[in-house]
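Presented sequentially are two complexes of chain A, the first with chain B as partner and the second with chain C.
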Partner chain A sequence: MSLLDEVVSVPRRTMTLFFMIDTSGSMMGNKIGAVNDAVVNVLPMLDEISETNPDAEIKVAALEFSNGASWLYSEPKLASEFVWQDVTAGGLTSLGEACSELNTKLSRSGFMQAASGSFAPAIILLSDGGPTDDYKTGISKLKNNNWFKAAIKVAIAIGDDADLKVLEEFTGSNEAVFTVHNIDALKQIIRVVAVTSSQIGSKSSSAGDATKQDQVVEEVKAQIENIDGAEAATQVDSSSYSDDWD
Partner chain B sequence: MEYLNFTCQGESHKADNKVCQDYSLASSRERTTVAIVCDGHGGNRYFRSDIGAKYAAEITEESVRMFVKNIDSDIFRDKPFTAVGPIKELPEGYKETEIDKLFRQLFSSIIFKWNEKILEHAGATPISEWETEHVEQKYLDEFSQQKNLEKTYGCTLMAFVRAKHYWFAFHLGDGKCIALQKDPIWCEPIPWDERCFLNKTTSLCDSDAINEFRYCYQGKGNYPVAVFLGSDGIDDSFGETTNMVNFYIQLAKEIVLQSREKAEVSLQETLPQLSKIGSRDDMSVACVYDKSDLKALYKSLVQWQVSNVMAAVEDINVRIVNLKNKRDALQRKLISSDKTKIELQYAMNDLDRAFLQKRNLVKKLDILLQERDGEDFVPYSDEIGVDNIIEEPTAEVIEHVADKIDEEVDGVTPCTEEYSED
Partner chain C sequence: MIELKPGSKVDLTIGGQATVIKELGRGGQGIVYLVDLCGQKMALKWYLNPLGDKFYKNLEKNIQSGAPSDAFIWPEYLTLKTKGYYGYIMKLRPANYFEFGNFLLAKKNFKSFDAMLAAAMKICDGFMMLHRFGFSYQDLNDGNFFIDPSTGDVLICDNDNVMPQGEKSGIMGKARYMAPEVVAGGIPDKYSDRFSLSVILFMLFFANHPFEGAKVVACPCMTESYEKKFYGSEAVFIYNPNDKSNLPVRGVHQNVIRRWPVFPAILKDNFIQQFSQEKLKNPTTRMIEQEWQKLIAKVRDSLVVCPSCGEETFLDTTSDECKCMNCGKVVSIDRYIKIGSRSLILTPNTKLYIDNDNVADALVVSNPQDPSMLLIQNISGQKWTAETPSGKIKEIEPKGFMPVKTGIKISFSNISKGEIIA
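For the complex of A and B:
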């Protein structure tokens, strides 16, 4: 007789994908439009990964930051049910506050469940400038957070004005920062990073000995070779691209 | 004392054509009963961790039996329940006791013998065809040069030992040890190591392994009624620890109502299924129990299950009331923005889902109530109901659930000394 009768619960394992989106004034216009468009388009892909993955289901949470930081929803939603509400740009770049807010939610009393049965989250940070608040305090809180330490962290620098050093500090590696220079590249890289992080992050078995973060970085690097206007942050000094946001 | 254990290959390992890297054993002789679970690490770097796990379990069994045989059992006499965390987490000024010193000797001996054994295995077992094909060259080179051999065989280790006058347990790495007892009904007797988080674990192959052991013991003649050791494949399948405790209670009930043999067969049938729908990892359970004490505890176990599901029903009632309030508030608003429409749709979907969860919980609850109350069984019902109908709960119900809204439910019950008498 199976012991898994009607009395025992075996919940599905979960991986949460976080979008952290800079909605400061400099994002106004095409940049924020491209972000809205790209996230709406990637959600069905995340749902498909979640549906076909025997290892885990994918939930999505989104945090926007400008003069402050606020979550689109008060809890992570299943990728299949996440309804994207277009974000609008205006104000400053409170990255420090966003990091503090993320730190609060990366906990059992926040958005995370028991560590047993969970996968490390994936966090995608998008920004086109430098922080206007005390970001160091926020980042240092995150650096002590076990969920953050284990997370897949990727940053997308939108244009030449993005502060690459800060994004590198956030991800813990300059390899995990990617720069885009035009609208189309921005849309494509959001798709590539979100899909790759979800695919790798929600798998229980990993190939070889590389960390999931390393695997995501390698995969994204390989894919951006085909995206005109996107490059690894390490290549920016010798970049042949110039920003074109029209 | 009775015991049982079972290990099976995980679903993901079947798919990848990888061997099972868990190993468990349980045995009883000379009035000493032992249960051990070892979990070999996944990943290319640890390509012989299945062998490492087997050796770790066998060496530990031999070592703890020697330990019990050779030490003067008076050292444990009248010792209350004592739990000692990894060295790093001990309070400053912690004074090592004679028992601590004995345990350090035991752990040191296990590590030493395990290293000897893997060295011997590495020397006698050249790189296989499968290993050549599947393992990265840098690890094969290291192996050939006998560098970092312990990594190749790396695994976790967890053991419970019940001797004539005392018991002890120790753990290095992840997985969980759960004890069933009179009050509270369950606990985790061995302190946790915060370094074991998500897919990270401490290990027998760590350079500082000796300082990563944590352990507990008691010599007052009181024993847990049953102790279950489970690898992280079990743990990860259940998420919340209470779900796992519930599973072990089902196994304990099977032992009481049926027999050890039937419980073992059930475990053999269940673990592969659990791997399939749960963590997909290898699965191991080893258990030591006193059947007559377990029998005496039976009603309390069922009562715990009833209370556990009842608490979940109360929590879902709180959620239902909150969602209904949210939905009603949004419905009263003029639906002027997309945001309001989306929030309303979410509230309605979440409400449907909450009722579905409640229906499932009530089904479980009725099964347990029937088991507890027999002929006096009355199906569970409450004023909130199990269907999403537009009916307001009474003020009393709202007040009751509102009281619960801010309550934090912590999954881990602290361990106490209240073990059953032997």
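For the complex of A and C:
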């Protein structure tokens, strides 16, 4: 047998994409429906990016938070193996607890135990309101977590009631917070943010100065120019939109 | 409207329109569509996030200057801008060519070392032609090369980021493939391209990355600042003889561990040279493409088919006994053609490359009447002339055969002449 028949895949790092989803009572109805629909549809796209990528494979983890915070699966899974269980809305907005939970898993004893190493994760936070618990403690734990510091962080604010300041605190800049005002925009932005951060996060970084975080923000900004009812948080002028959620 | 739909028409700068048939794929920069252009099927790359006017003008210039060689799938027509959006039209990539990344993921394998070496040659040639035209690559990575696994033919794609040397396209390559000085923020040029060429060739031959060894595996989270270290300021070649801190790891870097021992020493020594600290830090001392081609030609001269097991093997003709790298049996090197300083060993089914056009010119076969006798078949397009030891002149037409007999002198062309030793 030729030596060429024994070739194995190059070792790949793992890039984990985290969804942190607000499932509090105010998300009930078509907001949570849109989130469920969007994530189900984006998983095959993530699988395709992962399958053809010699730098890294992509895994997905999802955390929902309302009265408490809980993981959909007890470990990150390949997009192809991630069977999405529709999340339902009800209860409070325990963002602080969600941050503490994320902090625990962002460690080598938690979710970041890939044998051939990892790229920094990408974290997408979706929320339509303000935290109802002590989020400061949770966020300050995360801010000391090296995985979190290196992560790509994007927040999606759903509607005008989302607490932009809190989301900004989570991502570290107002540039990485995007606001959506209707169901269609919500679905589209979940796809754009998940695909973009996976594409950039799972590849060896670019030579040059732009960080992965900068690149994701730039690209998402460019793409949402074409989505009606989505905007970068830096140019907040929602007066021209009427919130329409039902 | 940034995305196009089947039936959408785009206007070309030279006049006329192309009609979108369907989407073929999408990447970070844009979408590639199958289009109809005057009855011909072509590909349209459409930018979702178009770069500025400088990029558009550069595309226009590249289209005017034309492809440096047939290895390039080059931009052929540019579209007019529609609300700032634009794209360019190029030839379709044939279905038997696969992205280099697929080879790294072991989804596609080279059919033979012969094909692998042909691919290496063709990539060197592409770089050489590009530099001869005054261009340099900006965003070089495993997505740029498409290879036919059975022949090793290569198509170089994504040539929209090719720029005149010294200029920056704004699209930056991946750290893993870029020279340390570019990783540190420098502008890509032909010297940094030559570094990237060494990385691509190494990955082609050994199917692992030259800087990814123990040190890199030990890094739990490859952040951007670590990447700048491991591929830039602190890059260490995995087989650096003076620094063993980054050796390949068993169970992780399997391909290079298996293949490194079997490739000819001249190739390995050269990689050690090209990835030495001295050349990492002194871009102008890196090997030029023509030198790579000469070296790969030598490696190819040492590749034969083993008469015992029928697999390809590299031979080290300087050793006392040449053994097959697969079955371990001794391979006789008694029969060969001498062409200048080259010795082409003759075993059944071995292909011979006489000139340097990267196409095999001769095939050694067993004589069907007497398998111990060998014949050489002319598989080139040119007639050869041979002179027997007694002075008779014979002509070998394309597809024709000649016997392997000592003392026969062959003129393959006006410049390359050989003599059979058997």
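Observations on the model:
Rule of thumb we're sticking to: the second predicted complex is superposed on the first by the 226 of 246 C-alpha atoms of A that agree within 3 Å, B and C clash if a C-alpha of one lies under 4 Å from a C-alpha of the other, contacts with A are read in each partner's own complex, and residues count from 1 in each chain.
Keep in mind that, in the parts below, contacts are C-beta pairs under 8 Å (C-beta built on N, C-alpha and C of every residue); 3 or more make two chains touch, one makes a residue touch a chain.
Not measured: the values here are computed from a predicted model.
Legend: residue contacts after superposition of the two complexes on their common chain; A:E219 is shown touching chain C, with no touch to chain B.
In the superposed model, A:V8 lies in contact with both chain B and chain C. Of the two partner chains, chain B and chain C are each touched by A:P54.
Look at A:Y73: by the touch rule set out above, it reaches chain B but stays clear of chain C.
Of the two partner chains placed around the shared chain by superposition, neither chain B nor chain C is touched by A:N144. Judged by the touch definition given at the top, the superposed model places A:V83 against chain B, while chain C stays out of reach.
Of the two partner chains placed around the shared chain by superposition, chain C is the only one that A:M112 touches, whereas chain B remains out of contact. Under the contact criterion defined above, the residues of chain A that touch both chain B in one complex and chain C in the other are 1-11, 13, 54-55, 115-120, 146, 150, 204-206, 208-209. Those residues of chain C whose C-beta lies close enough to touch chain A in the complex are 1-2, 27-28, 48-49, 99, 101-102, 104-107, 109-113, 116, 141-142, 172-178, 182-183, 185, 207-209, 212, 216-217, 219-224, 227-228, 231, 252-255, 258-259, 262, 311-312, 325-326.
In the complex of the two chains, the chain A residues touching chain C come out as 1-11, 13, 52-55, 108, 112, 115-120, 146-147, 150, 199-200, 203-212, 219, 222-223, 226. Those residues of chain A that touch chain B in the complex are listed here as 1-11, 13, 54-55, 73, 77, 81, 83, 85, 109, 113-120, 146, 150, 204-206, 208-209. Chain contact summary for the complex, chain B toward chain A: residues 11-12, 16, 42-45, 136, 139, 176, 194, 197-200, 232, 235-241, 243, 246-247, 250-251, 254, 262, 266-267, 269-270, 273-274, 277-281, 305, 338-339, 342, 345-346, 349, 363-364, 367-368, 408, 411.
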